[in-house]
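What follows is a group of structures, each given as structure tokens.
Okay, so subunit A shows up in both of these, paired with subunit B first and subunit C after.
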Partner chain A sequence: MGKSIVTIGGGIAGIEASGILAELGYAVSVIEKEPDFGGKLKNWDHLFPNMRKAEEIEDYLSRKGKTPGITLFPNTTIASFENIKSGFVLKSNHGVSYSAHAVIVATGFEVFSAERKEEYGYKIYDNVITSADLEKRLKSGTPLTTLAGKTPQRIAFIHCVGSRDAKVGNTYCSKVCCVTGVKQAIEVNKLLPATQIFNFYMDLRMHGLEHEEIYKTAQEKHNIQFIRGRLSEVSENIDHSLLIKAEDTLSGRPLKMNVDLVVLLVGMEPGVGTTAIGKACNIEFNQYGYLKIPDVHLAGNLTSRKGIFVAGSCSCPMSVKDTIEHARSAAFEVHRYLIEN
Partner chain B sequence: MNKLLPEIFIWPFIIGLAYFSIIVLYRFVRWTLGLSKIDKIRIWKGLRSRKTLDSAIEAFREGLLHRKIFRTNPVLGYMHMSLAFGWFLLIVFGHFEAVAYKGSLSFPVYLPIFFRFFVDGIETYPFMHFFASLMDLLLLFVLSGVSLAYYKRFNKKLFGMKKATRLKSGDRIALTALWLIFPLRLLAESFSAGQLKNGGIITQPLGNLFSLFVPLELTTPVTWLAYSFALGFFFVSLPNSRYMHIPAEVFFIFLRNYSVRLKKRVNTYSLVQVFSCSRCGICLDTCQLNLANIHTQSVYVLKNIRNKNLTDEVLFNCLLCGKCQQVCPVGIELIDLRITQRIESTLQYNSSYSYLAGGEVKQADVVYFAGCMTHLTPSIKKSMLQIFAYSGVDYWFMDEHKAPCCGRPLMQAGQYDAAAVLIENNQQKILASGAKKLVVSCPICYKVFIEDYNLPDIKVQHHSEYLFELMQMGSLPKRLTSEKSIYHDPCELGRGSGIYDKPRKLLSNYTSLIPIMNEKEKSLCCGGSLSNIKIQMSERDIITNNALDEYLQYSPDSLITSCPLCKKTFARGNKIMVKDISEVVAASIVQKNKSNACADKKVLEQAL
Partner chain C sequence: MGKFGFSVMETRTVNFGELDNRLLGYVLENEASFLTCISCGGCTATCSAGNLIDFNVRKINLFLRRCDIESLAREIDKCMLCGKCTLVCPRDINIRNVVMLIKKGIVKFRNE
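Here is the complex of A and B:
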């Protein structure tokens, strides 16, 4: 066929879509700014809903990345983007030019930087960490302790940090953090059965066939306590434990609690890469800063410009499973486009 | 000359003047009676003091010369000045002329006003030609102002203004009458000059010209009558129009100099200020709410109070940033007026504050009050505690756990009684601590401690002042970095409390500050203000981002402020590193303990 495609972003979506297109006989160049591929997956330990090791998906993707027809370009960013008659010409930071009949943007998301929710004390107090930090700890296999090395007696998971919060500028739900929070709570309970665990939530968004079941198990088998209420602030006690203040909205009372570790379930945000590439390609953003798709039902992989497609969480928050499906449909859309044009 | 006519045609003017004098006098009396007893005593004492002379001078300067408007905008200043001062001179020299003519001080009030109708050019009196020409020139001066006023209605740009105030019908009559008075006077005097040869360097040639083709016998009396009507209409409509600001402002200047003050309740002094607004519109352009297309600025509030149609939508949609008060040439206390009005229109809460009772009090040299916003920006709190520890201060962290509110947000929202309960509670605790100093981290709290608390012998300081003092005493480390920063003046600390220099001097030990256009008195509001309870989040964002964009033009490495709310608001914009002044100071301490910090970091890294 001889048609070429450039995929920007070598994470889950980028590799999956590129792999399929390579199988279909296209020449695909995958541009990745990091030295290695697979995106944020390498930081994850277990994946919901079935608690499989993230490495399994990593392995799958690295095999996919070796599909004949794919060329991987690590440590590469796009410096310029140009329109030509047959498609596009992209120039990299290394001065290499790529010509493409179609472009897939798969630049992914960024984890919300919890420092911006200053009242929760991330990077101010020793024992406030994010869900991403916790995942790394779980993966490293080191025992879960406070900074001073003590086993925590009480841990609080805080839902919706950086999501559903007009005060930080993100009004949308990040979709994955509720179930991540429940999953991590269960994992911590398995590691530290004597530790009391509390999840502070606004409401639990456990969509997906098995998720509600996980939530039930968490309560029944793992003794995790769910408190409906949004945290107002965290402060540090002299012994570096943490005092959290919240409103229990079920009982309608203000609530104070001392805990040893606070885990902030940080949401998703469009990454700087997404913003930069979107601007360079001159495609539209939606009001939340993600890439805009022209039709939410019928054109989930299209952008405001012909020949440029999106795959994965640069268009909205997505789980690993949804990302893979979205990437597959992106591959299909690109294929159809290249046949028709 | 028909001797009957004069008697008839002066009447519109006489009636207008009488009505105006009665109403204005009545208002002055009512306003004075409505003041508190203490204020009345102040006036009584002030009347016989130097303050009266000072007030008269100020009234002359501001009411006639409009010095402050001049400073903001010379063209606008000239317009106001030529109208007010020019007219004033016309009246004064008109009277001199009448004295010269009569040779005595007794003449009817209307004589100077309609002088050229009555006095034939054949009659002689001292300086007659001088007077005729002087009056012509003065009239020309006023007319230049009138033409600018015409022009202003159609072209606001010349006046450096984007917005003009909207007019209501009383204003319209007064405005039309005012615009007609002087052109009619010019015509009438020229016609008379054509007949009686009594004109000056302008009216005489004009009169001669008119006499060639205008039936002066008819037009002269008709024009004088029209002139009298224009004056009459102006005076009658004045008390119910914006022009009431002319007498009200003079009255206001006197009261202010006699130390009459606004209380937390609406009284007649508030009314005096409301009536003193000239609707010059200067406050409109300075307001950042414009960016979000919100039209609830001070001039509208004052107008609504006058017209008794003020709504909460307008009253509560204001950042209380104080920018308008800073520029108001009349010196109206726009912020306090709005707050008193809020108190008036708020049904007082019936909240119980029983939970405040008890609670420990610690004896210490310094009481530290962080405030609720600081609890939401814990890096400020942490920095302050670090600094206290470093400089070995004996302090009591008053709101460390049980956090009573300082009362100011309630005050800003008009909940005066509820605020008073909190204030009383905190006051007792602070006094019981035996401290000599109260250090406050939030400028919003700082202002209420200064203004509404009764803390004799206790020095209240915002932490920027306090840190500056520690620095001067040599209790703080200095460490100049290569960082370039912008210092953002928080509204409540800058315009609200006049603290501009100490934070800058303190910061100069740590960073180099970039001078910017809108700083100090002119500084921008961050948009986060607690006192606006009507504004939408998206509208706040517009204001915040606009301010941030202005700062980013200077490409600073960081933005430094000294208010937790400003910090939080700007951090939300997510465009630049935002720090509190205390963090900048504390960073230099941390640097000293670097070895410790490294150890901490290692543990953290191992743990991760």
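Here is the complex of A and C:
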């Protein structure tokens, strides 16, 4: 066919969409700013809903990335973006030019910087960590302890950190943190059966066939306790345990609790890469800073510019499963576009 | 007929058809951000008064929406207007203004 495609971003979405297009006979260049591919997946331990090892998906993607027709460019960023008659010319930071009949933007998301929610004490107190930190610790296999090496007697998971919060500018729901919080609570219970685990939530959004089942399992088999109330603040005790304050909204009274570890379930944000690439390509953003799609039902992979497509969580928060599906539909849209043009 | 000590109890059902929602309308008209309350309880958790006495600032929303003016009038005077609730509110509601409007509204509609 002789047509070429540039995919910006070598995470789940970028590799999946590129792999399919390479199988269809296109020449695909994948640009990745990091030294290796796979995006944030390499930081995750087990994936909901079936608790499979994230490495299985990593292996799948690394095979996909070797599809004949794909060329991977690690440590590469886009320095300039230009329109030509047949499509686009992109120049890299290494001075290499890539011409493309179509471009896929797959720049992904960033984890919310929890230190912006200062009242929760992340990077101020020793034993406040994020769900992303916990995932890395679970993956490393080292015993889960407080910073001082003590086995935590009580752990609190805090939902909606950096999501549904006008004060940090993110009014949307990040969609994956509810189920992540319950998944991690179960995993911690399996590791530390004597530890009390509390999940503080505003609403538990356990959509779909499997997520509600995970919630039910957490109640039935893992003794996870759910408290409906948003945390107002965390403070540190002299022994470096933490005092958390919330309202126990169902009893209607303020609540205080001493815990040894606080896990903040951080949401998703559009990354600096998405912002930079979006601006360079001159495509529109939505009100949340993600890339704008023209029609939520019928054009989920298109952008405001012809020939530029979007795949994965640079358009909205997505799970691994959603991302793979979105990337596949992006490949289809690109294929259709290249046949028609 | 002797007195048996029985009486007919008033129903506890919230009857939306019969609620007097003038105060609710007045507050929402003047502080539209209050429409977006999700009852998360962040306000109550941080409330200076509520940590010491029987006062729940989150329930103001509930009393107002259920048009329970009697409870509202009793509760609203416990607020010290410190504004900490406004600082933590994830929906960025101006809760202090809501309290002021309720105080004004109670007087206004009592006299009407």
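The rule we apply is simple: the second predicted complex is superposed on the first by the 341 of 341 C-alpha atoms of A that agree within 3 Å, B and C clash if a C-alpha of one lies under 4 Å from a C-alpha of the other, contacts with A are read in each partner's own complex, and residues count from 1 in each chain.
The criterion applied here is as follows: a residue touches a chain if its C-beta (ideal position, glycine included) is under 8 Å from a C-beta of that chain, and two chains touch if they have at least 3 such contacts.
Since this is a predicted model, take the numbers as computed values, not measurements.
J.: Which of the two partners, first being subunit B and second being subunit C, lies in contact with A:233: first, second, both, or neither?
T.: Once the two structures are laid over each other on A, A:233 reaches both partners.
J.: Let me test your reading of the model: by the given contact rule, A:96 touches which partner, first (subunit B), second (subunit C), both or neither?
T.: A:96 contacts neither subunit B nor subunit C.
J.: Touching A:145, do we find subunit B (first), subunit C (second), both, or neither?
T.: first
J.: In the overlaid three-chain picture, which partner chain does A:160 touch, first (subunit B) or second (subunit C), both, or neither?
T.: After superposition on chain A, A:160 lies in contact with subunit C alone.
J.: Once the shared chain is lined up, is A:202 touching subunit B (first), subunit C (second), both, or neither of them?
T.: A:202 contacts subunit C only, not subunit B.
J.: Which partner does A:119 reach: the first (subunit B), the second (subunit C), both, or neither?
T.: both
J.: Name the contact category of A:246: first (subunit B only), second (subunit C only), both, or neither.
T.: After superposition on chain A, A:246 lies in contact with subunit C alone.
J.: Just subunit B (first), just subunit C (second), both, or neither: which does A:254 touch?
T.: In the superposed model, A:254 contacts subunit C only, not subunit B.
J.: Can you give me the overlap between the subunit B contact set and the subunit C contact set on subunit A?
T.: 119, 166-167, 232-233
J.: In their shared complex, at which residues does subunit B touch subunit A?
T.: Residue positions touching the partner: 375-379, 381-382, 401, 537, 541, 567-568, 571-572, 574, 600, 603-604, 606-608.
J.: Can you list the residues on subunit A that touch subunit C in the complex?
T.: The contact residues of subunit A facing subunit C are 119, 160, 164-167, 202-203, 228-233, 245-249, 252-255.
J.: Give every residue of subunit C touching subunit A within the complex, in rising order.
T.: My answer: residues 38-47, 50-51, 56, 58-59, 88-92.
J.: Enumerate the contact residues on subunit A facing subunit B in the complex.
T.: Residues in contact with subunit B: 116, 118-119, 121, 124-126, 133, 136-137, 140, 142, 145, 147-149, 166-169, 232-236, 243.
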